[in-house]
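Going in written order, the chains are labelled A, B, C and D, and every chain counts its residues from 1.
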Amino acid sequence: MTKQHARKPSMRWTAIEAPFYDLRSTFMQLGIIGLGRMGGNIARRLMLNGHTTVVYDRDEASRNALANDGSTAVADLKELVSTLAKPRAVWVMLPAGAPTEDTIQTLSELLDADDVIIDGGNTFYKDDIRRAQELTAKGLHYVDVGTSGGVWGLERGYCMMIGGEAAVVERLDPLFATLAPGLGSIERTRDRTSTDDRAERGYIHSGPAGSGHFVKMIHNGIEYGMMQAFAEGFDLLKQKNSELLPPEQRFDLNTADIAEVWRRGSVVSSWLLDLTADALATDPHLDAFSGSVADSGEGRWTIEAAIEQAVPVPVLSSALFARFRSRQTSSYADKMLSAMRFGFGGHKEPK
Amino acid sequence: MTKQHARKPSMRWTAIEAPFYDLRSTFMQLGIIGLGRMGGNIARRLMLNGHTTVVYDRDEASRNALANDGSTAVADLKELVSTLAKPRAVWVMLPAGAPTEDTIQTLSELLDADDVIIDGGNTFYKDDIRRAQELTAKGLHYVDVGTSGGVWGLERGYCMMIGGEAAVVERLDPLFATLAPGLGSIERTRDRTSTDDRAERGYIHSGPAGSGHFVKMIHNGIEYGMMQAFAEGFDLLKQKNSELLPPEQRFDLNTADIAEVWRRGSVVSSWLLDLTADALATDPHLDAFSGSVADSGEGRWTIEAAIEQAVPVPVLSSALFARFRSRQTSSYADKMLSAMRFGFGGHKEPK
Amino acid sequence: MTKQHARKPSMRWTAIEAPFYDLRSTFMQLGIIGLGRMGGNIARRLMLNGHTTVVYDRDEASRNALANDGSTAVADLKELVSTLAKPRAVWVMLPAGAPTEDTIQTLSELLDADDVIIDGGNTFYKDDIRRAQELTAKGLHYVDVGTSGGVWGLERGYCMMIGGEAAVVERLDPLFATLAPGLGSIERTRDRTSTDDRAERGYIHSGPAGSGHFVKMIHNGIEYGMMQAFAEGFDLLKQKNSELLPPEQRFDLNTADIAEVWRRGSVVSSWLLDLTADALATDPHLDAFSGSVADSGEGRWTIEAAIEQAVPVPVLSSALFARFRSRQTSSYADKMLSAMRFGFGGHKEPK
Amino acid sequence: MTKQHARKPSMRWTAIEAPFYDLRSTFMQLGIIGLGRMGGNIARRLMLNGHTTVVYDRDEASRNALANDGSTAVADLKELVSTLAKPRAVWVMLPAGAPTEDTIQTLSELLDADDVIIDGGNTFYKDDIRRAQELTAKGLHYVDVGTSGGVWGLERGYCMMIGGEAAVVERLDPLFATLAPGLGSIERTRDRTSTDDRAERGYIHSGPAGSGHFVKMIHNGIEYGMMQAFAEGFDLLKQKNSELLPPEQRFDLNTADIAEVWRRGSVVSSWLLDLTADALATDPHLDAFSGSVADSGEGRWTIEAAIEQAVPVPVLSSALFARFRSRQTSSYADKMLSAMRFGFGGHKEPK
């Protein structure tokens, strides 16, 4: 892992203006495996700010796209390892589960002592704890990075929660500092006294391996709860014109305008509200969506963590269950309610 | 309201054997308005045990059916009042809201001082409080009876929660004692010390007017929660064969047998479980039901009472909301979740 | 209600710089009743931008404070009415319920046809619907304003949801435009096509009387849900060091840094998160708080609205119930669980 | 495993009358490990009905107590195995987790091919699946029995859900038939068509290994939900005298009488209600209980199963979270709500 001091970005891809410039002026080299939306843009944001990248994806077109933007693209993991300077840093940005697990297993056999494997995906934090133990036994380092930012990360930067050994996280700091959003135009928190300014620049070293993905997992759990709060509220606004209500109590509310007005000066102003206003501006009835909502591991693991810790999480669990319910057309549970009602009261539900 | 001492039932209708015999041997006369499933069977259970009834329903066929079973059927409320001996007792068994309200209003103008109006329907308890005040001002008495028992009441008796003046409830006791299930074969509660044995015979004087319907309302709230607990549990049993699970963790469970086995010796044994076992015995997939579940006032008023009392009711409210959700095909709330997910992550939900 | 065209602010109080300037250059006169934190600052923000105010509060010190800042303070409602030019506009900013109700009743007897009463408090929207009917019968106008902004409104502006007749809301526009936050530095919503730019400037005409407070009520319901989502998530982070967990799975997480890092680039970034970061910066264990949390009408009315509309709101209700539970020390409900556990299993809960 | 045909009970302990007599007249020998409340009474119920038992507990007093009631008590597992006739059946009735796991591991090394290990404890069903695979590889059989009945099992019988190979479950049938409650006085389910009458006698063969504990786990999940439904309802009844209500809407309700009256003819009649009535009869304010409620694995695993199956379980999870909350004095979550309220509104919660 050579540190360079060149000032000029290494990439030819300059479609967007550099959103952030690493003041520390230390440019690094990073191997990146997995060039999907996240991995590809992580590479681009690094190159845009002077770092160099060696990239691999099993899809050749993805590799070529990055090569075209300035990366050194390689044909397999072996070549990736041989191309990187020691001590190496390899960022794995693949779907959680087998793809990530297998890749890290393979890497662990190719890398040398003191090299670092970074898992930037959505891994379950207990897998991180186990992996860190296994890799430490081989003399390797393991860093888990919970990454928020989605499709906007290239431009806005990635909010990162990082678990691993302090010295190793420090070694990689130029990369994290570059990927993070930076102070930006966000108002500073009053009375903040911490001597560690990384949090203000959009990334933290949260603790030992696993803690990065744990904090990211809770972040997603909160996200589910906030989304469901908005969803329920807007449903109430939309249904205020329901025929269930007496005519004089009905309002035909403009949900697009309501989302917009709350963006300025209200207690619920938030990025999720911004996105809601975007969506409603052009599709106020949300006809583009079926109402079937997916969920991912983090929302589920958050509830499991709550059970392990005996912490009540009625909102976070309700948000998850609402998504489960959204994917059912009619449930056995509901039919059973009808069966009981018929049993005790002779109530026949309309079919 | 004449008290009779004849021992022989007054009715000709003897299809079922007398399930209960009032040991007090005081037979009374009751006016009954509304001869639906509940009102009609209340009349029958009373007559079967020696009481006499004067009945009215706006539907002539219903009146004739009861006349055939031994009632004195009348053509309107005026005739009902003139037929009853003083002090009169009139049981109103009509849908809550306008039908009950209007009938009581009319009755209040026809009756004489010291007569009693009994509302055995599903009235909101605050309406009872108001009515009792209004009727007291006219010298009349008002008694509200929360009645559980449904289609089985004729045979099993009606569990009754009665609100009103103590002396008036006492005056009507022969009626309540007859309608109630009686001690039956239910095991006695250990260590019970109360000198009032009415609860053990299936009815209570719960307090002033309104308290009967309030207690019945909470009963229904609990009923919703218990039903939903069973519904969720059986859904989990049914879905244990889901393709979402790894094959070695799937079980093809027999829900009919499970309901049956829990009826004996398990902690969840209950009448609702008996009904569930009945339903599953012949329709294990519950194909007879659409999954759309109705709800009634009591379940809703229970949540409103909880809000007034600042008592957390996560289970009772969840049970209500599950019914609301069962009637939606796809909700604006769910679509909004999809819209936000698309906004921050580019996730496209399947449509 | 005279419209003035003077450009110079009418107030002597100039401690803060004018945060917003009404480009329409039409200055109005407003009567304000209730000079608490909200009412007083509404007067100040108006005067700071050129409008004139005639104010009343039953507390003389409050009146004097505003007089000192440039208002015309009056001694009673009669004087307030006689001081204002016709057609008058009077903003009532009092606690919901009797104080507001009584004041509006008194005003309605003092005002003349075409005058406007504005209720800027937290009134239940069904009261607005009723009042508008009553006042319309007297030739008066009624406007309800749901106001968000709290202690920051003077500086940031007030987000307002306004119900009432369109022409009357238009007449008052210079006031609303001044009180609202304005476009500010908030990024514009993509693809917004509405020709009504008021939402972008922080206020909307939501519909007829009552709709303003209804939308504000739902806003608060959402606020409860979002707050509870954060609360549960941070509880999970805090308790990740719990002795209930195996030592190798415990993390000692820095909640202040986590709140801070999520402020930049994460999906949960929001004003509530900003406030959380502020609080945690100096009191990471939140020792300043007892854990007993109040709730207000809006959160409760939101659940009641959901019940009326048959819309499931598991998150909004859970958030409300969490506050109820926070104020209990030990609940009868919990004791009952213990009693049942003892009954069937002989389990003795620790006391 | 010798089958005996003696008719006389093998035990000297005859304090209670035989509650059930196995009509199949085949008496078996069973090894039992763990003589706590459950294990000891299982031995007693078997002996009372003609079976013989060989028992072990690490506590000598427990062994002696059973020996006194007719069991053959042994000093260690080795002696237990050598004492039992082949093919052996050993019932392990120990706390789930290490005690059970270690004992089964030891047994698996002492037993011979075709012997059966029965786990009657509260094991997590995935452990059963794993164990069955391991033991099958050694030529042994594994049967998991979910057992409900608690302290009343000796008298009422045990409701059992049994997982394992059909032929092995059949081989053990005389034991299960004896332990089960039998038809008893419970009314038969209408229209039941199954040719397998075991469910009606209180036990089922639910499927392969693990299914017994899975079904028992769901049973407990439902139990939690039902208990919480009652708890919330009775809390509402109790708090109907709250000072939060206007005096004319308060009722001073007798919860003991209400529980009693619902036992006869109401929809919520159930064994849990019977227990509730017992508890309230002598302690209507439940002063014997602190309000801190424990929970066990099954309630938690039920939620985890729901997450794996993507089945919404708002009631079952709410019931679990209510127990978590009952054990907290004040939560970080609640303090965080207060911190946010202070941030946006300057609200100072009472401390």
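Assume a contact is a pair of C-beta atoms (placed from the backbone, for glycine too) under 8 Å apart; a residue touches a chain by one contact, two chains touch by 3 or more.
Here the structure is a predicted model, which is why all the values come from computation and not from measurement.
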{"item": "Partner chains that subunit A and subunit D have in common", "value": "B, C"}
{"item": "Centroid-based (C-alpha) most distant chain relative to subunit C", "value": "D"}
{"item": "Selected pair, greater C-beta contact count between A-B and B-D", "value": "B-D"}
{"item": "Subunit A-subunit B separation of Cα centroids, rounded to whole Å", "value": "51"}
{"item": "For subunit B paired with subunit D, centre-to-centre distance based on mean C-alpha positions, whole Å", "value": "32"}
{"item": "Interface hub residues of subunit C, defined as touching at least two other chains", "value": "150, 152, 228, 230, 232, 235, 239, 267, 271-272, 278, 310-314, 318, 321-322, 325, 331, 333, 344"}
{"item": "Partner subunit A, residues of subunit B touching it in the complex", "value": "37, 150-152, 227-228, 230-232, 234-235, 238-239, 271-272, 275-276, 278-280, 283, 286, 288-294, 314, 318, 322-323, 325-326, 329-347, 349-351"}
{"item": "Complex interface listing, subunit B residues touching subunit D", "value": "126, 129, 148-150, 152-153, 156-161, 180-187, 189-194, 196, 198-204, 206-208, 210-211, 214-215, 218-226, 228-230, 232-233, 235-237, 239-240, 242, 244-245, 248-249, 251-254, 256-258, 260-274, 277-278, 281-282, 302, 305-306, 308-316, 318-319, 321-322"}
{"item": "Subunit A contact footprint on subunit D (complex, rising order)", "value": "267, 295, 300, 303-304, 307, 310-314, 317-318, 320-322, 324-325, 327-328, 331, 333, 344"}
